[in-house]
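Just below sit the structures, each encoded as structure tokens.
Paired with subunit B in one complex and with subunit C in the other, subunit A is shared by the two complexes that follow.
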Partner chain A sequence: MAIANASSAPILTADGTPLKVSLKRSMRRSKIQALFLVLPAFLFLLVVFILPIGNLLTRSVDDTLVNWQLPLTFQMIADWDRANIPEEELFRAVFVDFTTVNKFFIESNRGSSVNTSDAAWWVAIPPKGPYREAIIQINPAWGDVVTWQPLKEIVDRSLEDTGSEKDNKHNQRRAPFDLCSELTPLTNATCSKLFRALQNWDGNSAPDEPIFAAVYKDLASAQKILTGKSSTRMNYEQPGWKGLVRTSIRAFKKMEGPPYKEAMIKANKRWGEIPFWESLVLMKDNYTMGYYLNAVDRRFDVNKKIQLQSEERRVYVMLWWRTLLISFLVTVGCLVLAYPVSHLLATLPLRYSNLLMICVLMPFWTSLLVRIVSWMVMLQQQGVINDALVWSHLLSDENRLPMMYNFTGTVIVMIQILLPFMILPIYSVMKTIPPSYMRAAQNLGAPPSLAFLRVYMPQTLPGIGAGVILVFIVAIGYYITPDLVGGKDGRMIGNMIAYHMQKSLNWGLGAAMGSVLLGAILILYWIYDKLVGIDNLKMG
Partner chain B sequence: MALPVYATFPQRLWHYSYLAFCAVVLFFLVAPLIVVIPLSFSKSPFLHFTPEFLRLDPEAFSLRWYRQMIGDCSAPDITTVCSDRWKDGFRNSLFIAIFATLFATTLGTLASLALSRAYTPFRKALMAIMISPLIVPLIITASGMFMFFAKFQLVATFTGMIIAHTVLGLPFVVITVTATLISFDHNLTRAASGLGGTPFYNFFKIQVPLITPGVVSGALFAFITSFDEVVVVLFIGSQNQITLPRQMWSGIRQEISPTILSAATVLVILSILLLTTVELLRRRSERLRGIRPS
Partner chain C sequence: MRKSLQFGLAAALGAAIVLPAQAEVTVASWGGAYTMSQQKAYADTWTAGTATFINYNGGLGEVRTQVESGNIQWDIVDVLPHEARVGCDEGLFEELPRDVFTPAPDGTSMDDDTMVPVPNDCVVPQIFWSYVPFYKEGTFQSKGRKPPKTIADFFDVENFPGKRGIHTWANALIEMALMADGVAAADVYDVMSSDGGIDRAFAKLDTIKNDVVFWSSGSKPLELVMSGEVSMALAYNGRIGAAILSEGAPFVVNWDGQVLEEEWLVMLKGTPNYDEALAFMIHASAPEQQAGQAKWINYGPMRRSGLDVIAANEPFFNTGVDIMPHMPNAGVAMANAVFANPDWWADNGDAIAERFTAWMGQ
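And now, the complex of A and B:
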């Protein structure tokens, strides 16, 4: 009876709390402690790795810049019938969008919030001043001290003494850029006139003419940068925009006033061509799927239907296929080479296999560039392999094989570089298979080939899966190797991303390609995790 | 693996061709390294073996490319561009790699202490995030960092480079240290507490010495990753942050001179040293924890 009572009562710890509660409490403490240990690394990665990549991906759909440039046009073009050359009022909107800085002063200046009947859009600021009156007419808020104070704060902060000469200089150099990025969507425009003008302002009295003059002049030069950037963007949608914008800007300066339609078409006949107006319809939203379509050689037509890109601009699908083909060939090549070697390493006595393992790990540890250099030495026309073939009379001197700076070169070098990634997982699985299974199968009458196919191979499948996915993931995003040894027909999608990021500066397209690539890799990463578990990833 | 005495002829043939195939593959793995080292001592300014060189004519050998690499331009036989760039590159690489390793090892080891415990909340997700810099293609990481760092004036600074390389080294530290910690026998710390040790004392006296080999090999991985990295350097480095791989990159693209081979040889020797260190550490760790090689 007493025993039964004791067992039903909760077990208590020394200080009288039930054991369950006490355990739970200590568990919770351990959990919180664990989270605090991961926190620094997690936050670090979040800020300098995950956020930057997220930011990159948003660029693939971002179309705000051109919407800053042409707010009125985009608002009005919705009413255009898309069949005839637009009416005078749309031409006027284009003229105003390209020539005035009003958009930087108006509160609701983008997307659907643009109100074309608001007189503020049509106020003309006299190019030689006075500016104050006109700017206040556009938006009365600019007459208030409060509107200017945040700008003044930026200036004041940059002038504070930090104690270090270098930092002070740096802050003062940054401030004009910060001012401009406050007023415009641009980060590379400088508002140095405004910076100087605000230094002389006390921050309380009503801002006077020189400040307005400074802000107008700075914004006018920012407007030029914005025009350049958005004309590049418009050129992606319809080739020819860049030249059209350039000649038109010059012509706009000479135009006295309305009507604009005839004058603009006379300045550049493209203003009278429907495709240019159609392309504007496609850019009028702040977000675009255009870059993604472009990345797979498609485009929107004027009705937002997806169409194939014109023949001469179709390059990317071929590149995606080639990237997949190279990755596939490299994966298969690695598997074929790695399987027997892993088997040998797993079945040899330890002292031999350790020695051979160094052969596998050695390239794993040597610099990628070193290996690429040495492959250049081996594979080039005057290289070791061709020399050996000629010397052994397998090849005549004129027919040296081209094995470098082409598709073959990329595949050979990538197989060598990625081979350890295939050997190691397969080896670690083979290591755990007892050799007695094969012997048992053969004792039961299976010929060696059948025993291998039915008994040994199925057991190595997890290793094969791990190796195949790992090699494929790494191969598909390769950049350095194809760039150095790939020549023209060995380039992969990674090279195209780099080209758009660094050379053509079409960041939207580069980001769209990057996110497609990243998406594919994350799916494979997820499968890898389900299959083997990322905890099992081992190095060396 | 030896062939039984009763093996038939086809079996023998199969077996030996299998061995030959493995030998060829293993040779394929190390061949490039075997080629580079002798050629770096060649006198010829071209990247191929000259007949004199193959006849082992002492005239065909020289250390000129090594002299050029260390920036000794006084030698009369210097014919190509000669500058301190290789030396500067080595110094920059070393500087960036040391700091990146320090940060990656600290952050990674702390995180691993938690990630090796089964009770840590969101363990799998956190682990996946920690390893992701290894999985995401470098070109995407580099472009993303380039744009993001530009906003904070970190492009073309050593700070930016060190941050980027810390990110890339982190997964290696997390993987190696977590692996070491998972096989760590927690009864040892329990026994120590039973004997009256404070948690602090136990950590430094019992746990740290046992996991040090894992931490050090993780650090070495992080170091070599940073020392070998070129994509991020191409994106966020400037003329002032030319590292050794960056210098090799421009060497390969512009003036292919055997100086690249001497630099490559130095790097190969460096990696042999590192590989040996890691292997010795692994054995020491196994011995400390009483694991015998099977």
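And now, the complex of A and C:
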């Protein structure tokens, strides 16, 4: 009876709460604890992995900078007939876009929201002042204290005493940058004059002429930086923009006033060339697919139709195929070499296999450059292997084999470098296969080859899968090795990405190529999952 | 007792805050013998602070990241002509006051003392270096011919057999190909800007295409020539010079058709060590220091007064030999030479890079 009672009533714990509640509570607590345990890893991933990839993806389509620089031009170029040299009106827009800072004061200053009939665009701020009146005429909000207060706050915050002299100095040094990034799309422009002017302002009275003078001068120097950056961008679309902008900026200073068309063409004849105007049409949206097209040797024509890149500049498709081919050959090569070695490692008695394992791992611990250089010594035409072949009369001196600074060299060196990535997963899987299976198969009458094919090999597949994926993914993004040993036909897409990230500074194109690479890997991963199943993957 | 302890502590703390920390400046440069020369000539002679050199691979990728994120690790960078212009245009470098730099002994300002026009206010002159062909002594003797002399000979694999070592990017190669094709040094950039000029250069490059070994790091061409892998190669003149002057390597340089490039110092915008970095740049660009680096490597000072110091003090090199004959920007070396035009490369560099990569891979 008592027992029956106890079973129907809720079970209580020692402190009187029902067991269910108490259990739930303790489960929740352990869940939260678990969450805290993974939190550092999650934050780490977020900061070093997810954010940069997001940044990469945005960069590959982002075209806002040049839209900041040329708002009027891009709005007006829609009306251009795309056949003749544009009319005076468009030349005037270009002139205004390059020489005035009005864009920084106007709210709808980019893309399709630009209203060219708004008088604010055409207000001329006198270069020698007074500035206040003109700036308020452009946008009355600048006469209002409220517009200035957020800027004043930035200044005040940077002047707060943090208790450490180093931090104070740092904050004051960064404040002019912060001010400019508030007013412009640039993070590397300095509004130092405004910083000083705002220090003298109480934050409540109407801002006076010196503050307006400071903001004008700072924005004028920010405009110079914006011009530099956008001319770099424009040069990607049409080679020659960089020089055109540079010489024009100098010429603009001397131009008195309209008409501009003739004066500009006289200053630089490229203003009279259609391709330059056409390239402007292609840049006029905040987002562009142009970088992705460039990454596969295509480009937009003036009507946004996709065209092939001019023949001598077609290079990326070839590099993509070559990259896939090299990665494939390297993967196959690694597999062929790694399989027997792993088998040996897994089956030899421990003292031999340990020694062998050290031999496998030794190159892993050796500097990459040392290994590459030793391959150069081995494989080059005056190298060890060729010398040996010539010495043994297998080759004549004139027909030494080219095995280095080309495709072959890249494949050979990469196979050697990536071999451990294949051996280790396969070995760790083989290690778990009991030798008795093979013996059983042979006992049941299978010849060794059949026993291997039907019994042993299928069990090693998870290791093979892991090794293949690992090696292929690492290989597809390689660039240091191909750079050193690739020579004329062994360089890969990674080399071009590095070139655009470090040298040409075309981060948009580099990011687009990186994204394509990421996409290619995800697709291959998906195919692998469909064919083999990702849960079959075993690293050990 | 307690009071005095407190006072002592306060004084110690005060001293720690007031005493200026020894100025420390980080300079990113190219490494090897070049950085060694900078270390000896600029850093070791600088008493106001310490300059630490770190190596980088060129390009402005790293600089742009640092400046735009505000997380600045380097103070000064040693840059090529193209980067010197692009970086200043894009606002990645500090614009420097020009009147603080040491004038030449005759009073000429630094900017007027520099052998090429100073492109902007961000840069401080360093050195000239060049791409130049060279070969190992005796390479062509055994074949019973006279040794190569001109840039045309470099592109002539019939009369001067053997492979050619060239770099994996197009700079200087376009200029050299045109000079080898008979274009006068003064006209090279006019031809490059004209229709078909680039085609002409690539057509000339095609003539050695099958005999080319590409290199991408500066020490490689020396190894290639030394081992006999190639019979002639292009290399940075300083690398060849260092091998000849310091190690006695049997290399012969053909100055004909060399392409000179500028090297500048710039300061990263927003660096916390502005004053110290500026002090170091003033020191490193003074005529004495400009000359001083040539004690260790044969790169030519950009300032005329630097060259004058060297010429007046020969033998100037640390091993006690004359260095002037090895300077890329003086004497016989300048007879048929081109100063690389960064403005042309700024306009066309990317397009040419793609074309050159395509050409390499065909």
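Annotations
By definition in this document, the second predicted complex is superposed on the first by the 404 of 540 C-alpha atoms of A that agree within 3 Å, B and C clash if a C-alpha of one lies under 4 Å from a C-alpha of the other, contacts with A are read in each partner's own complex, and residues count from 1 in each chain.
The working rule: a residue touches a chain if its C-beta (ideal position, glycine included) is under 8 Å from a C-beta of that chain, and two chains touch if they have at least 3 such contacts.
In this text the structure is predicted, and so the values were computed from the model without any measurement.
In the superposition on chain A, A:A34 makes contact with subunit B only, while subunit C stays out of contact range.
Contacts of A:N506 after superposition on the shared chain: subunit C is touched, whereas subunit B is not.
By the touch criterion defined above, A:S436 reaches neither subunit B nor subunit C.
Shared-chain residue A:E312: touches subunit C; no touch with subunit B. Looking at the shared chain after the overlay, A:Q382 reaches both subunit B and subunit C. In the superposition on chain A, A:I53 makes contact with subunit B only, not with subunit C.
Residue contacts after overlaying the shared chain place A:S205 against neither subunit B nor subunit C. Of the two partner chains placed by the overlay, only subunit B lies in contact with A:L337; subunit C stays clear of it. Considering which of subunit B and subunit C touches more of subunit A, the answer is B.
In the superposition on chain A, A:T187 contacts both subunit B and subunit C. Residue overlap on subunit A between the subunit B contacts of one complex and the subunit C contacts of the other covers 170, 174, 187, 380, 382, 484, 501-502.
Considering their complex, residues 1, 11, 18-19, 21-22, 25-26, 28-33, 35-36, 39, 46-49, 107-108, 110-111, 113-115, 117, 119-121, 124, 126-133, 135-141, 143-151, 153, 163-164, 166-167, 170, 172, 174-176, 178-179, 182, 217, 221, 224, 227-228, 230-231, 234-235, 245, 248-249, 252-253, 256, 260-261, 264, 267-268, 271-272, 274-275, 278, 293-294 of subunit B touch subunit A. Contact residues of subunit A toward subunit B in the complex are 27, 30-31, 33-35, 37-38, 40-42, 44-45, 48-56, 59, 170, 174, 187, 337-338, 340-341, 344, 347-350, 356, 358-363, 365-378, 380, 382-384, 387, 416, 419-420, 448, 473, 476-480, 484, 494, 497-498, 501-502, 507, 510-511, 514, 517-518, 521-522, 525, 529, 534-535, 537-540. Within the complex formed with subunit A, the subunit C residues making contact are 17, 57-62, 64, 67-70, 86, 88-92, 163, 168, 202, 212-217, 227-229, 269-270, 272, 343-344, 346-351, 353-355, 357-361. By the touch criterion given at the top, residues 165, 169-170, 173-174, 177, 186-190, 222, 224-225, 227-229, 231-232, 235-236, 239-243, 246, 312-315, 318-319, 322, 380-382, 405, 483-484, 486-489, 491, 496, 499, 501-506 of subunit A touch subunit C in their complex.
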